[in-house]
Amino acid sequence: MTQIADFAIAALILAGAGFALVGSWGLVRLPSLMTRLHGPTKATTLGVGGILLASMIYWPVHEGRYTVHELLITIFLFIAAPITANMIGKAHLHRQGNYIDPNPADDIREGLPERDRWATFTRDES
Amino acid sequence: MIRNLFPHPGLSGLLAVFWVLLANSVSWGSIIMAGIVAVVVPLFTSPYWREKPRLRFGWAMLEYLLVVLWDIVVANFEVAWIILTKRDRDLRSAWLVIPLDVNQPEAITALAGTISLTPGTVSADVSACGRMLLVHALDVGDRDEAVARIKARYEARLTRIFR
Amino acid sequence: MIDFAVSAGFVIIALALVLNLWRLLKGPTRGDRILALDTMMINAIALIVLYGIYESSTFYFEASLLLAMVGFVGTVAYTKFLLRGDIVE
Amino acid sequence: MSDLIIVPILLPAIIAAVCLVRVVRLSQLARLLSGASTLVILASALALFLSAKDGNITIYELGDWPAPFGIVLVLDRLSALMVLLTSVLGVVVLAHAVLTGLDRRGMHFHPLFQFQLLGLNGSFLTGDLFNLFVFFEVLLIASYGLMLHGQGQQRLHAGVKYVVVNLVGSTLFLIAVGILYGVTGTLNMADMALRVAEAPMGDQPLIRAGAQLLIAVFALKAALLPLHLWLPQTYASTSPAVAALFAILTKAGVYPIIRVTVLIFGADAGVAAFAPVGWMLPAAMLTILAGYVGVLAARNLRSLAAFGVIGSTGTLLVAVSLFTPKGIAAALYYMPHSVLAGGLVFLVTDLVRRGRGDDEDHLRPGRPFARIGQVSVLFMLAAIALAGLPPLSGFVGKVLILDASAGAALMPWIWAAVLGGTFFAILGLARAGSTLFWKAQGEPAEVPPTRHPFETAPAWFLLALVAGLTIFAGPMTDYAGETTTQLFERTPYIEAVLGEAPRQAEGLR
Amino acid sequence: MEFLVASGIGVLTAAGVYLTLRKRTFPVVLGIAMLSYAINVFLFAMGRLMVDRPPIYGKDVAEYTDPLPQALVLTAIVISFGMSAFVVVLALRAYLESGSDHVDGDPDDAPDHEDVLARQQREDER
Amino acid sequence: MDLLTISLLPFLGALALAIAGGSLPGGGSRRVHGAVAGAFAATALALVMLHAPAVLGGEVIAERHSWIPAIGLDASFFLDPLGLLFAGLILGIGVLVIAYATFYLSDEEDSGRFFAFLMLFQGAMLGIVLSDNILFMLVFWEMTSLSSFLLIGFWNHKPEGRQGARMALAVTGGGGLALIGGMVLLGNIAGTYDLTAILAQREVVQASPLYPVALVLILLGCFTKSAQFPFHFWLPHAMAAPTPVSAYLHSATMVKAGVFLMARLWPVLAGTDLWFYLVATTGLLTMLVGAAIALFKDDLKGLLAYSTVSHLGLLTMLLGFGTKMAAVVAVFHIVNHATFKAALFMNAGIVDHDAGTRDIRRLGGLIGLMPIAGISGTIAGLSMAGLPPFNGFISKEMMLEEAVHTAWAGVPWLLPALVTLGSLLSAAYSFRYVYGVYFGPRHDDYPKSPHDPGIGLWGPPGVLVALVVLIGLFPTTFAGSLVESVSRAVVQDTELPYYYLSLWHGFTLALLMSVIAVVGGAALLWRHGIAERVWQSLPVPVAKRLFDSGIAKLVAASRAFTEGVHTGSLPRTLFVFFLAALALGIEGMSAGSHAPGMRETIPASPVAIISWAILIAGAVAVVMSETRRFLSLIYISIIGLIVSLAFVFLSAPDLALTQISVEVVTILLLLLALNLLPKAPRSISSLPRRVRDGALASAIGGGVAWLAYAVMTRPANDPISSYHWEMSKPGGGGTNVVNVILVDFRGFDTFGEIIVLGIAAIGIYALLRTAVRGESGQRLLAWIPDQIRSPERHPMMLVVAGRLILPLALVVALYIFLRGHNLPGGGFIAGLVFSIALLIQYMASGFEWAEDRRRTERHALISWGVLIAAATGLGSLVFGKPFLTSAFDYFHLPLIGEIELATAMLFDIGVALTVVGAVMLALAQLSGAAQRAEKLEPSEHPMDIDPSRPKEQGT
């Protein structure tokens, strides 16, 4: 039983760490900010999630105590990650859309239809 | 009376659970403390959250949660695969515009959060009128289909949770 | 086995941190840097949790909890600064 | 009785906190409370002084934890003297501030003032090195607030510098404390004295480095050349009444130099023994000259006073840096004089400034003003005190210092610096006085409606104290001598702090 | 490990010293922040380094990290936080009063405001 | 007590006049003031005279009051014949001068002030001559300089009065400083400051290697005071003072102080070659120079002033001879000079007062217009010239006699010749005075019509003139015993050489010299015009101009130095500080032999190495991004993160928690500030400067690193914290030792720490509250955002997340707070977490919106925090325990089980409250200031976009 659990723990740790690395690799490798945004916010959530899960299994198996408070970290991350992504996205839209950042990647200037529809660019006066 | 004591019943419940998780033990002590927390904390925070979301508790929530978790796991692998293998020029990243049916801020946020958490998509902005969501997708074949999938898979369930 | 996994996990995450640093220093846009910093923070959370497993110790849990809870505030503030200049208005 | 020691620390804290409450903050009540508190502190400082006068060393173990494990307050002659000085100056400056309405010209004057007293008293009473750091920070942050009180562009810019310099200084303080703790394993000064004496040879260079850095921090606060560069602009930019209180801030740097060097890095400290003795004396001599040359060079009365404080502190430090019983005794007599004279000069500066309207305190002829006669007499006497001329106490102090330095290796230089500095001071002060008071011609300046009839009273009171210091120079020098004896006889101090058999505590470790 | 910590302290100190010697208030403030990082670690290190021996008392715990420096560092952190906050605001306030952010209050040699758009487009993001 | 009373009387008079001075308006006041002053002086004089018989009879009246026994500075007085002579002069002439001044001053003048100063001076002078302790004497010595400063500058509307006063103070005060040095040295040589005791130690003193130094210093004091060449120049400029002052100070008393002191110390100091050459030469030179200048002064007072210089030189020279006989002569001449010179000054004052001018070229023939003044002036003048039968003749002749016997550097004729020349000049200027004023051609254009003044003015000089004549005619009767006993006192010997006071000594060489002098003087006056042309053509440096330019140069140099060094530049200040610290650190480390540490080091893990590299990269990045401030803020976060990780790794969870939360607040603060600051400054320091700073920074960094390494690698020295560890649970009731230290063992530190935080916050508040006013307020109003801003202020998602985070964070804060005593956590961290949660509300929904929902005043939070902490500490006093003694106990509650309650928790509540109050106060106020700048409409909604919100009407 412990064997299996240990295997699970090890696998989860490695998987989690692996996802973290892949996410960070994505951050380095992907071509533009909007695409890079995908890497870390996801891979790291599962990355951290895996390690947290490992921790949650580890404690009852090895120390004889149940711990669930790792869940709290997950909760906070799940609240925080989308907000961060959203805010970074907005900031990026804003700066690219207003020609502040010189990097023309992401097609934002060309690709974003009807620039004045979005909260970042316009204020709904209605 | 009850209303005054629990301005946010949902929140109170969440906080109680939260406390028990924090204390990491299920004992009378922690449960009583959880009760206190559930009462006291919302009293303090309710001015900052006046417009309470209208929620429906039940299976819908759990189902939604499970679906999202599953999607996170699955999509994580997809994105990992993309990151590791796809070349930049093969990447079909695109902007998706999702018209919204839900209109409570909490619901929109939940939807946007879900979209962001599930890999491959990031919600970047809300429209100025609040009825559309701007989503960036890392690699998508058919935009309309992606939009439809999001609406069906998440938004539909959310409308059941948020009255 | 666990020991090996944890040790490997340390190194892998540390590598991830280096990758984050690279992006953080390189940019090119400010958004990239903020994103890299945020990622770094999340990787750090993973590192701390892993360390807790490694040492069989619960003393470090709060550190990761706190990092998860308040870490993003900094990120939000940076982006708000980019958007508006003023982070509280 | 024993709880009396914390009154000068605790009372201002409580009063300041109460003064922050909105109701109190916006009413006359703050003045009342602050005044009452300052008077009570003075009373308790007097009581403490009397109890320490006979050579008793009183220990107060905070939290009932024995030294060196907890923090102790130690009342001996030296700390009693410093606390008394602080309280006296506090009363005077507060009276001046209230009479001239300074406390209404900005926010939070009274809480800041109380906090300032708290920081000063705390740093004089504590027997713990890190606690000293904390109180230093309290007195510094309060002084930032007071220094900026009333604001204005010049003051703000000077404030930035003052604050930054002191922050950097605090950093060094922590480094020094860290090293000393790292090597000796203790923070209590008495305990550290024992441990430094026992330190193996290999540790001694580190201890000495820690000692030097620590003294450097104190020298920064004491404005010892070349670490005095922050002072002129700071003191010249703030309101003179606040600067009057600051006259004791430099002494808050001198006090720990004496305390720490004599107690911890005394004769048995190996290579760390009297670590600063080599460099402090030349630096102090140059400080005198820089200060008094600055007096001659000053273009307004505030910077004149600021440089005067530098010169005066330099004189004090010359005596200190001899690190002989005679030298320290001379320093301890000169210390109250320096504080009171510095305060007096700044109070007079304020009176001049308030009288002269647009001319402020610039050293240029202006119009006569109300009570110019009285103020000119005050100025003359303050100048005599500052320059250290007879018949006021500065002269006595100087003679003591000259006497103490007779026979020192650098004696000719010391004498040249002390006397030469005085010469510059005479020239500068005579110039200033004749410009301000004798050249005042024309119609008298309009009297601002806020002038209080008794606004010169605090300055006169300070002057009376200086005179008292002169007349009672005998008892004062005796006290200084006894204090010095107490300082150099360290065993009673250490035993008082650590208990009769300090090594008993060893068993626990 | 000791070497890493010591050299880390050294680098932080050097950076802090360098920055505090700058002639504008903002880097000086940053320098002070750097110095306080350095000093916190320094003070902490004075209790010697130990891995996984937090000073939480337990009957069977034989080894522990020296708790005293940690307490000192906590005090120092709080104090330096208060001080930094004060100096930041003071720097800002001095700038507002005089329009110059030189530490010595010198008049600025370049205008701070010009055509916002043009400036930002020219600004090199890296 | 007599002597103390005597010396105090003038001071009391001064005090009385100072206090009552202003209270008597109108013209009559000066008479009252004069009467008061005169009464005090006369009383003192009477008291002195009461002792005169005894003193002259050889008794020395001594009196000792202990003052500062620690250095042997006692208030001891003694009255011997020398003292008596001078006291008599001071008080006697003082009374006369006061009487004279009462009539001399005009009604407009502040006579109260005048007499107060005069009495002050009198007291100081009296103190000098009565002191039996050389340190005590110094007190009075400098006081004479100070009070004469006031007197000379009495007519402060005149620039020459102010300048003269400053010059006098600079010279005599400066000399006084030298004297202080000399006296202390003398006291150290002799082992006592007691004058009488010192006087008996001639051999000891003169054998000391320090004797020359002490002598030179003391003589500097004497020479400056007595206006000896080359310090003579101040005296004529002191003539800007009212005439009574000149008469008093510059003839009779103050300038004699130097002579007095030389006479006083004559027994110990005189008699060596050094003394002879220094003193006699200086005196001789002064005599010649003074006389020569006097001859060509047109101003009566100037003439008299230089004549005084000359006569002082004479006296000095006599004392310098070092023979007893010369000393006797000196004593006699002191008496004589005092009488005729004071009379002449007053005479000049009368002329000035009644003829309206003191210019000798505009005067003449006054003898007919003002016979009384004329006669007395003539007599005094002839006495000064050294004509019989006046007293000046006798002493001068004795002086010439002494000169004849004295060889200078082995040249026997030099001194007599020069002395004769001096006498000649002296006679010439005396004649010039007498002739020029009273006998020369009469002028008709006097500003006033000259006539004899009332007795008030001519009476006092009349008394003196009478003395001149009487002493001249009957020297033995009127001065004999006085001179004798004074001379004994001066030489400190009962044996005096034989001398005989008489007008006629027979045909001696001295008589010849006298004749030469008188005849030559008359001839010189006859040919004054020629002499003057010769004099004018001489390149004589004008002392005043030299002095003025000297002072100006000194001031300029001081300014250059002071303003060059004290630029107030912060980088410079810090650079010096860092350099000093570096030097001191190196100095400390290089002393003794440092032993490298033997403690086993911890192997570095890969993660640690990588973290280290990241840290360094972050630090370098911060430094490199000086012109891009936003970036440097991002980079600095890296450092905070790595430091937190290090704390986790190195067993400091509490520190990690604190670091993490402080980090966030700091970043928010910096961002708030950066918004209003320039974000990308153009100019940075020059390259050499950066290199220089970088070098210093690296050196310091290296030093600190080295120190850290040196300490870390040695075993701990039995730290006191082992006690904390042991006692934490049983004594402090908590298992988190760090926390127990914070709230219990060292709770006092924490108490101070929250006060610092509180003060910082209220300081920030005060700074920002005024930011909306004045220049800063205008700048805020004129502020335009320096970036393009997105229109959305309160993003919906952020608001919603914030709503959720707030209660959760509160729970976490509560949790961290409650467990702090036993596990990582505590009040400070809890307070910070709470604050951050609140700050999210501010960030998400805006300042106004969040402020509206605030229910407690933040100042009050700080107050309550401090008060609760203090009250907790005070609670223990009730139980007779010291401040901050903690108590804790375990309670068993049904259901819940055992819980622990500790007062330390209460203390921690105080900490938490203060933290929340301080952080919120600081940050909210900062963002509030920015609100002013931005002039935005306050929004009533928490978020900008809310589709569920009912649409407003009309849109």
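The first chain written gets the first letter, and so on, giving A, B, C, D, E and F; residue counts start at 1 in each chain.
Basically, a residue touches a chain if its C-beta (ideal position, glycine included) is under 8 Å from a C-beta of that chain, and two chains touch if they have at least 3 such contacts.
This structure is a prediction, so every number in the text was calculated from the model and none was measured.
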Taking each chain's C-alpha mean as its centre, the one farthest from subunit A: F
Centrality ranking, top chain (CA atoms only): D
Higher-contact pair (C-beta pairs counted), C-F versus B-F: C-F
Chain at maximum distance from subunit C, centres defined as averaged CA atoms: F
Centroid distance [mean C-alpha coordinates] between subunit F and subunit E, Å: 40
Separation of mean Cα positions, subunit E and subunit D [Å, integer]: 29
Distance between chain centroids, defined by C-alpha means - subunit B, subunit E (Å): 38
Centre distance in Å when subunit D and subunit F are each reduced to the mean of their C-alpha atoms: 16
Residues of subunit C touching at least two other chains: 13, 15, 17, 28-30, 34, 59, 65, 69, 71, 76, 80, 83
Subunit E residues counted as touching two or more neighbouring chains: 16, 20, 25, 28, 38, 42, 45-48, 52, 54, 56, 68, 72, 75, 79, 82-84, 86, 90-91, 93, 97-98, 103-104, 117, 120, 125
Multi-chain contact residues (two or more partners), subunit B: 18, 22, 109, 112-113, 126, 128-130
Residue ranges of subunit B touching subunit A (in the complex, touch as defined): 18, 21-22, 24, 72-73, 75-76, 79-80, 83-84, 88, 91, 93-95, 97, 109, 112-130, 132, 134, 136, 138
Residues of subunit C touching subunit E in the complex: 26-30, 55, 57, 59
Subunit E contact footprint on subunit F (complex, rising order): 567-571, 574-575, 578, 599, 601-605, 608-609, 612, 615-616, 619-620, 622-623, 626, 629, 632-633, 636, 639-640, 643, 646-647, 649-655, 658-659, 662, 665-666, 669-670, 673-674, 676-678, 680-685, 693-694, 696-698, 700-702, 704-706, 708-709, 711-713, 715-716, 719-721, 724-725, 728-729, 734-738, 741-742, 745-746, 749-750, 753-754, 756-757, 759-761, 763-764, 767-768, 771, 774-776, 779-780, 784-788, 822-824, 828, 915, 918, 922, 926
Touching residues (chain side subunit A, partner subunit F) in the complex: 75-76, 79-80, 82-83, 86-87, 90, 94, 98, 100, 119-126
For the subunit F and subunit C complex, residues of the former touching the latter: 605-607, 610-611, 613-614, 617-618, 621, 630-631, 633-635, 637-638, 641, 644-645, 648-649, 653, 656-657, 660-661, 663-664, 667-668, 671-672, 674-675, 785-787, 789-790, 792-793, 798, 805, 808-809, 812, 816, 823-825, 829, 833, 836, 839-840, 842-843, 846-847, 923-924, 927, 930-931, 934, 936
